[in-house]
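Labels for the chains are A, B and C, by order of writing; each one numbers its residues from 1.
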Amino acid sequence: MSESLLEVRGLRTVFPEGDARLPVVDDVDLAVSRSETVALVGESGSGKSMTALSILRLVPRPGRIEEGTLRLAGRDVRSLSVDEMRSLRGREAAMIFQEPMTSLNPVVSCGDQVAEGLRLHERVSGRAARRRVLELFEQVGIPDPAERLDAYPHELSGGLKQRVMIAMALASRPKLLIADEPTTALDVTIQAQILELLAGLRAELGMAILLITHDLGIVNELADRVAVMYAGRLVETGTREEILGSPRHPYTQGLLRSIPARAPRGERLAEIPGVVPPPRAWGAACRFADRCPLVMDVCRRERPRPVVLAPSHVAHCFALEPGVGSGTP
Amino acid sequence: MEGYVVSNLLVAGLLALGIFAVWRASRSRLWRDAGRELVRRRPIALTAVGLFVLLGLMDAVAWVDPPATAAQLAAGDAIALRKPRSLLDRLFPPDFEERSYSAPLADVEFYGGRPLRHPGRHLLGTDILGRDVLHLTLKGARVALLVGGLTSLIVIPLALVFGVTAGYLGGGVDDAIFFVMSTLASIPSILLLIALVMALGRGPVQVCVALGVTGWVGFARIARGETLKLRELDYVQAARALGVSEPRIVLRHVIPNLMHLVVITFVILFSSFVLSEAVLSWLGLGIDGSWGQMIDQARNELSRDPIIVWNLAGASTGLFTLILAVNLVGDAVRDILDPRTLKERR
Amino acid sequence: MLAYLVRRLAWGAVTVLGVLLFLFLLFFLITTPDDIARKALGEKAPASVLEQWKKNHGYDKPRFWNPQHPADTMLVEHFRRMLTFDFGRSDADDVPIAERLRRGAGPSLSLQVPLFVLSLGVAIALSLLVAFFRDTYIDRSGVVLCVLAMSISSVLYIVGGQYLIGKVLRWFPISGFDPSPEVIWRFLALPVLVGLVANVGSDVRFYRTVFLEETGRDYVRTARAKGCGEGRIMLHHVLRNALIPILTQVVISIPTLFLGSVLLESFFGIPGLGSITVDAINSNDFSTLRTVVYIGSLLFILGQILTDLAYTWADPRVRLE
């Protein structure tokens, strides 16, 4: 395999609070190859959205990227000028967001918003742009695309709005699509349609997708590889089969046990006791320790080291280290 | 009853009300935290406001000295003492006046150069009638507090009653109140103010009423809108389903949820009332002794040669300092209490 | 759309009636024609003179109840004359009021239109700038300046501006008015400048809040994600959304430009409607005052209607049912 399309090393994104700087993303490594779909999984507050925003340098103020390297399509994202960064956004990597309701400008027509994405990166005449937007609308499966061009966002349903968002993201044929919880705000039936659309587009255009989600069902449908985040850090990475089939980190295991479809019938759904601690409670040691069924003394003292379980499967847990824990949890 | 006795009683009542309000608020953790945050953010502005309140109180508490003794009468200075003099007045000598203009700390009159009765003691000089400008400026604080504070204290409860009644009862009552509000809101406010003062006549109470009639609609609309929202909330509906009486729901569930808006509105209205009074003074409709009136009198002095600025300087410093302090406190209060900004800050 | 317009106009008409009723309350019930006559003639005027004065000025009818002729009352007369724009003559000097107001509109507009356009332009430009540099030193000092500027009474701006520019620097005449096109600007420059400075603080602060509210929204992040520059985001996305609340503030004041400015006109000697109002106050000219308030309200109500229409035009989300 050639060089990765996206390569994140040791990413650390912080939010100042008072004198402290809270690391909402703490030493995260991530790689996405061309045409590959990688899912970044975690509960809300785990830092997965901030990781995604960091890639395009869109972290809201006063947050900022403090450490790490970000390489996108062979370029060092952190060293780019503001203008270079701008020309990279939308063209190399585009992003779609969770809330299609608020993520579209309410007073600009849908067609214009998509055309804007196009015209920011290419010299196109107004008519050519309109033609291209029409094609994009057809491509993302918007019915009556010619009429929707002049529609305002509030005139469309949530699913259609998300399709407009996707059309906007596709406008400049990006190599990477970052999808931040693309279906969370939608009805279940619409969710399935949008997932189907994403899968179809991936096959058709050969683009890579970084999928941010908390929904393991979606991971199962789309992802080639999976990275699980907890409290700002990665806890386990692997292929879809490895993570969903034989998860090793106790957090991933807990997450999987809490899915209704996977639990044995008639049994009470397992849940992970407790909640994700807030960033100001994050220490250097294992942040899952307080909720972990396998917790040991060392977990509360030191940061877990990566344990390579298979060439593509890594988990950060003392319980998996030979000689430290009991072996297989 | 003598006017100054009424004023003293009023001051005592207001003071008691203020203390009660602070005590009541301090029992709730939310308000206590907000208060602490306010003190932390705006210590200087709060101190300034406190000083103005103190000045106003000092000038509002007045009494007449006991009848002069024979010895004093013989000395010939007792007649001036038969007027009620406030605590603030008593910081100055009893007969602290000259015949006309004198410059700050001057020994002689500005025009003519006759020697002053109190040479070198008028820190800010004297005005055309020979009154000490510093004394007048300090006394202006009471008028400002009257205009800003008393008017808001009358207006806010009224606006709250009308707004909440309209919002809670709806139907014909709402229509009637809404009609009155939109009628008043359809008259440009400066014209409404002028018309009211012209119809009611000039005088402190009339001016306060005029300011109040002009100012209540805005807050009543906000209160109405909020009440409409609160009425639909689950816990209010639940209280109603449980058979809690309507007045009780309003008192326990609606009004307390409007209190933060009341506080924000109070601060905003306060400075707008004081500034409006200055405009009214400019038009010859203001209250005697206000800073606005001092500025109005002083505007002719700028065309004199050499010019006289101390009168203008005293009044405008007083007005500017008070309004700035109130605006700064108001900004902080809004930041602290407005739930929308709270959400943004999180 | 037509149905909405008709309904909106009908509500406007109802409000006009409300204003007239309120004026009747103020100037016929609280201050009675007797009070007005006495103010005009002095406290000691004999009853017969008062009656004659009232007769001459049309104040001699029963106020609202006339058993013989139910329609022949002050109340009916007040409504009839105001609604037909038959304003009669001034209480003070018998000049026809309509004529006087017509003469005042020109000078008022010549002051207010440049002031309005300049204020709007300057305030929006400054607030965009401040919002663009949000959370920086520029923004913070801008806010401090705004609060300082807002804390100064408009009266002081007038005194200060006139003294500094008119008297010390002698750039422009201190006061006066001449409508001939070559010199009019010399008389307007100072009041316009003073009015601009007096308003700019609160305007900038309001617009800044509106802009900042918009810059925090999700669609701004979307625009950034597709490669929009910050300048384009401000001018294309944020300004277009912020225009909606700004429009509602701005459109309402367009008709009231006719009214002029009470403060600026009276002090700078511009013979507009503001000066007429001040003269009416000083001469206890209640009939003129009443008419000015009525005309002002008519224009204001017109402004409110225009605002609602502008709103439906500017915001595609507003549907007319």
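Here is the rule we use: a residue touches a chain if its C-beta (ideal position, glycine included) is under 8 Å from a C-beta of that chain, and two chains touch if they have at least 3 such contacts.
Just so it is clear, the structure is predicted and the values come from calculations on it, not from any experiment.
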Item to complete: With one step meaning two chains touch, work out the least steps from subunit A to subunit B.
Response: 2
Response to the item:
The chain pair with the larger count of contacting C-beta pairs, comparing A-C against B-C, is B-C
Discussion item. Centroid of subunit A to centroid of subunit B, CA atoms only: how many Å?
Written reply: 56
Worksheet item: Taking each chain's centre as the mean of its CA atoms, how far is subunit A from subunit C in angstrom?
Response: 54
Item to complete: Express in whole angstrom the distance between the two chain centres, defined as the mean CA positions of subunit B and subunit C.
Response: 25
Worksheet item: Residue numbers in subunit A touching 2 or more other chains?
Response: none
Worksheet entry | Residues of subunit B that touch subunit C when the two form their complex | 179-180, 182-184, 186-188, 190-192, 194-196, 198-201, 271, 275, 278-279, 281-285, 292, 295-296, 298-299, 302-303, 312, 316, 319-320, 323-324, 327-328, 331, 344
Discussion item. Under the definition above, what is the set of subunit C residues touching subunit B in their complex?
Written reply: 14-16, 18-19, 21-23, 26-27, 30-31, 147-148, 150-156, 159, 162-163, 167, 216, 256, 259, 262-263, 266, 277-278, 281-282, 284, 286, 289-290, 292-293, 296-297, 299-301, 304
Worksheet item: Which positions of subunit C touch subunit A when the two form their complex?
Response: 135, 217-219, 221-229, 236-237, 240-241, 244, 314-317
Discussion item. Per the contact definition, I'd like the list of subunit A residues that touch subunit C in the complex.
Written reply: 56, 58, 60-62, 83, 86-91, 94-95, 97, 99, 102-108, 116-117, 120-121, 152, 154-155, 165, 168-169, 171-172
